[in-house]
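These are the structures, in structure tokens.
Okay, so chain A shows up in both of these, paired with chain B first and chain C after.
And now, the complex of A and B:
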């Protein structure tokens, strides 16, 4: 968009140049100045109701709401001048009149914008002496609970449901100081994307029932990752407390998920905390599995694989790196995977964003690497093949089907019961415990990083498979997942030109990915 | 080669220990027979008074219904410089925020009193108490029930008459 007119203005003494039509608030962000705000959110229509973002614009008669004022040539904006500070102090005092100040028991404490801004520029005390208004907490349905006393009526939740989800459930009921967020008669927050209102809420008024009273915001360790629960590949932050995943929240990416993620993906994180894990490499001896060292197990697996026909039953949750190394181990054999399916649930207001039918992270990566998508997982397993079970739980598979294999090698986090006659078991880390990349349904390769520590002697999948490849006498010299990816990019045309550095944390499309769709920035509120 | 030591000859009045010994014995005798001004305290029957700001082992205060006042806000484990407080937040039967696990390792504790100072509910206190012997190390990890059962007086962080200590 080279023909867009650029406008120069001065914000807090810093000259910035932004495209015409930008708001002062967004322009200030480019200069590294955060103008305090509540009702404004880049993913929602501008409402201008909280009056928190008031700034002083020279030669303007009164203070301007920076979220709703577009920039003009030569404007001089003061964010922290006495006049604007005074106005914001007034707004904060008004917001705190009926606020219960129950931060010690509020889940938002530590990540609350009301707390932050009051601490930064609010009054020390309140001049209000009358009793505060009280409304009981209300269950909004879905995963959302509403605490009206803490609400500052920014209406972000109302606008999300109206303009982004296109399912008007919430409204502002009552007037004046009695106003609160209400539900329309007979409606509940059961929209499959409704939990986004919890993230959007700048205070502790809308809370997740799942996360309620589980942890304080400052105790959490946050890791950039990808939601593994469907092929959309929403960018998320995995938040852990004492090595346990306690919640997932969306990470903005204008190419994939804008600012949102669906409830199903958000709440489906417990499988990554699974306790029932294989923690030691094992080899089959006298009809039972015995724990052993990594060296012995890898050598045994290499001996079983070398020169044999191999069939790989892979999981579409595995990273591109692991799947690539599996194709090297196959030695011309066949690989297949199956995927759980559910109902597709789009978010109406955002183009090409939905909870997808296929509920696994790397279905498209597996296909790009030559694995066949099938419903009958072991159909391709021939009599006498070596069966490699990689990450697949083998649920619903009969022992008779497995018996066709001459030998079974399990490379997985959890040992499937039907595979207890395996000759070698190599425990690998699960999605939250290792680093790698996955490919989403539009061919976008995205990185995820390690959020938790793997239990016991478990190792990352790329490391185990790399060692196995080396033990089989093949070229293998990997010390980092980025090196595995570099090798993949060098040998596979579809992945050519990509590297961990160039992918970054926003992802990059594959060479053959369509140029439209979410690889171009998606518009919020467009549809 | 042996080192030659110079021996200084001093007058007998300076080097004799007899006078110093007698002086010491006189003091001992004085205290032995002075019944009104005993220096020895007959511990444990007698105890010397401790300061109202003494910071000893913790106590959790309770509400009228006998429940801990703690709301599991997580400020004490956050402020604790010795990292001796373990808190797992959860909910009680009525759905209020409540500690599922609240443990203080009194061995790790440095008795700084920050936990009492930071507590918004005035629930956790350091106590005016110093008799803490136990038969095992585990006994020094006080759980919520133990903290609630303690009955010794709690520390006054500051003199209410003179809060700034002037």
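And now, the complex of A and C:
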């Protein structure tokens, strides 16, 4: 990239220098100026059809579509001049003449670009006196509903299916103001990545059936997180309403998921809202589990573990921090995990982006920290070992297999029925309720943050395990997950050099991760 | 009098010479009339020399924009290692225009020859003739002509025995006005929906299949043959007005005239004489009110403007309009201008490709307001709204369809505001009743 020619231009009085070939719209972003636009999306080919991003370029005869005009040396661009504002006002009025203006019942309301720009730059009234065109809503298959009356024909959805998903399902049907998004005969939006069209739609024309009428945009709390549902580790925003996760949407990261996430990952969030939780620490008394205080439970667990051979059955959903602390309480014991598998579903137009076969967030992290991947979870459990069940649901495990353990300690969000004879149960937060890091299949360490409050007396996994380590008489002085991670980075060569600050919210690769390919920016549209 | 009648003595039939002559349609008949001599001559010349002759002749695009043809051809850089393509735009859909239809119906071999000359001149081995889907008869004759030309070795791997390859393919459109826009035509030719592309890149850089492409109108390509045969000077001399507009031009005349038809006159011909003498003037008892001289998308002229016009690229501009495609629509005092403009707007609203917001919504909105005014439901504010919409539709979209819809509305309101106001104020339009002849 060293030989890239730089071009200097002035946008709204600010001088910017960008690589040759950059569009005016992208150049303006670097100067902190957002030029209003609809059809342009950095993850899609340029269409230049909405005409919203028209700007005045000095010495040019006409207004220029900034999404489709590349910068030139010495250019002077006016984004908010009278001429450009007048053009955008015109576009906004035209976009609204056939729009039903049904914001009060529209799911997009509050996060609608048509709404935003109209408030920002549009007319306060309309001069339209004629009947509006009407088309009925249509089920597009998959998770998508199409409401043509709200559609502004930006064609982002069409371009996503054609050029990114490589599954041409959508088209522009009809001409003139009769035009609407159509579906090719016999086809449905069943592509495993099709729901991205809902995110891409700048207005309320494409809606998610799953999210339909569930919440208004302004009621949502948004948290930067990672999709825990496969090893790709797509960056997401977890959206909660009254402490319930109601939607996951992709968060752009050019190294992992570009602008997209798959339907399976997106819709598989309900398990994080589950109600059948262990909410209090418990100890086994007289063949039954009785609620108790954290101090007593931690002390009991430490006593059970100290000096014993330990076998840890961990979940690959646990964070690097929790898994690291588990290795500390193993005292030379063994750790194993298993992972649910499904079919791999790549997104054809983006390099190295797929719904992965292994459906858990931290398979790579668990392996990097020395846990064995196995299909027979308790194969390594020796007679007389102390079994620590960490986040594992023990589905399909026979009571007989567990009986080999001298004692069972459960550190989990949900108490598996087969482990109800545990001597100690320590309730921990699930993925959406705590902070931490996970490592994706390309060795990229990424942070996730707390989106929901954990129920009852539940505590974050790193805190519980840190306390347990302390009670076992080992060095433990953790007040923040970042301190656990610092300890991990200090003691483990693979994680050396990383910290929460350096990882940030785009992640960083492990020392031994491949430096090219997946961890280089991924190219959208590269087939 | 212009085809379908005998030519008027003031006409200069160069391209339209064989209109009505069924024999000229066949290869044998065409050769008898001197056909393919120009191609023979061209293939013996260096491509750059052909381009120079055409440049020298002053031939300008006959499809509407009037871009100098020789200069367009010179944009095709020889030896760039890429295949070049020639497209012939035979998607003649501009309302009021039917000159290319007649050219292809009567002299299909003239177009085959023109395409071959053009292709050779720009270094292309392949030429596509994109014919409007509704033109079933021209399509039939063109396909016959191409078949005959291949059979006689005029086209193909060894064109005219010179060892040069020239292929001509006839492609049938599917009935969209917008496919007459050059980049939409290319999209359509490639098998996609006919949506205009963003320019740049221009076709000479990236056209059909992403390769350098030249696109010319039917009349333009056909004119190349007589220019090569008779020389640039001969062509240049055919002008009654100025040296920027040379040669002959076909005008297809329709509407309220005594003798509608296709006329060929030299550039700079007086429009008044053309309308009253060649076309026979208005029907009995009527008077001309307005003229749309270059297809529906050029500004409307008042009859006074029309009568003062010299028929060439500059002459029409000087009198408030454009030469356009040469589709002359004549409107007499029996017509309501509001009605005429509403109908034109409806056409553009129907044909908008729906890409750009201003065009998709603006053409339809304009139509709705125009029809409301026509039906006596208009308000005075509507006129301002119309002009404002037209302003938003001008110069802001990918192609000029949107501008084309705005043009008749703006010129109509400007020049015939009285008719709009009369309808708005509740006065019915009273057409002049024609006197019995």
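Observations, loosely collected:
Keep in mind that, in the parts below, the second predicted complex is superposed on the first by the 527 of 527 C-alpha atoms of A that agree within 3 Å, B and C clash if a C-alpha of one lies under 4 Å from a C-alpha of the other, contacts with A are read in each partner's own complex, and residues count from 1 in each chain.
In this section, a contact is a pair of C-beta atoms (placed from the backbone, for glycine too) under 8 Å apart; a residue touches a chain by one contact, two chains touch by 3 or more.
Quantities reported herein were computed from a predicted structural model and do not represent experimental measurements.
When the two complexes are overlaid on chain A, chain B and chain C sit side by side with no clash. Between chain B and chain C, it is C that contacts the larger number of residues in chain A.
Taking the C-alpha centre of chain A as the apex, the lines running to the C-alpha centres of chain B and chain C meet at 90 degrees, rounded to a multiple of 10. Using the contact criterion defined above for the overlaid structures, shared-chain residue A:213 touches chain B, although it does not reach chain C.
Residue contacts after overlaying the shared chain place A:48 against chain C, while chain B stays out of touching range.
By the touch criterion defined above, A:153 lies against chain C but remains apart from chain B after alignment on the C-alpha atoms of chain A. After overlaying the two complexes on the shared chain, residue contacts for A:109 are found with chain B alone; chain C is out of touch.
Of all C-alpha pairs linking chain B and chain C after the chain A fit, the shortest spans 26 Å.
Residue ranges on chain A touching chain B, taken from their complex, read 103-105, 109, 212-216, 218-219. Within the complex, the chain C residues that touch chain A are 176, 178, 193, 198, 349-358, 360-365, 368-369, 372, 381, 385, 388, 391-392, 395-398. Residue ranges of chain A in contact with chain C, taken from their complex: 46-52, 54, 61-63, 65, 68, 87, 90-91, 93-95, 97-98, 127-130, 152-153, 171-172, 174-179. By the touch criterion stated above, chain B contacts chain A in their complex at residues 71-75, 78, 89-91, 96-97, 120-121.
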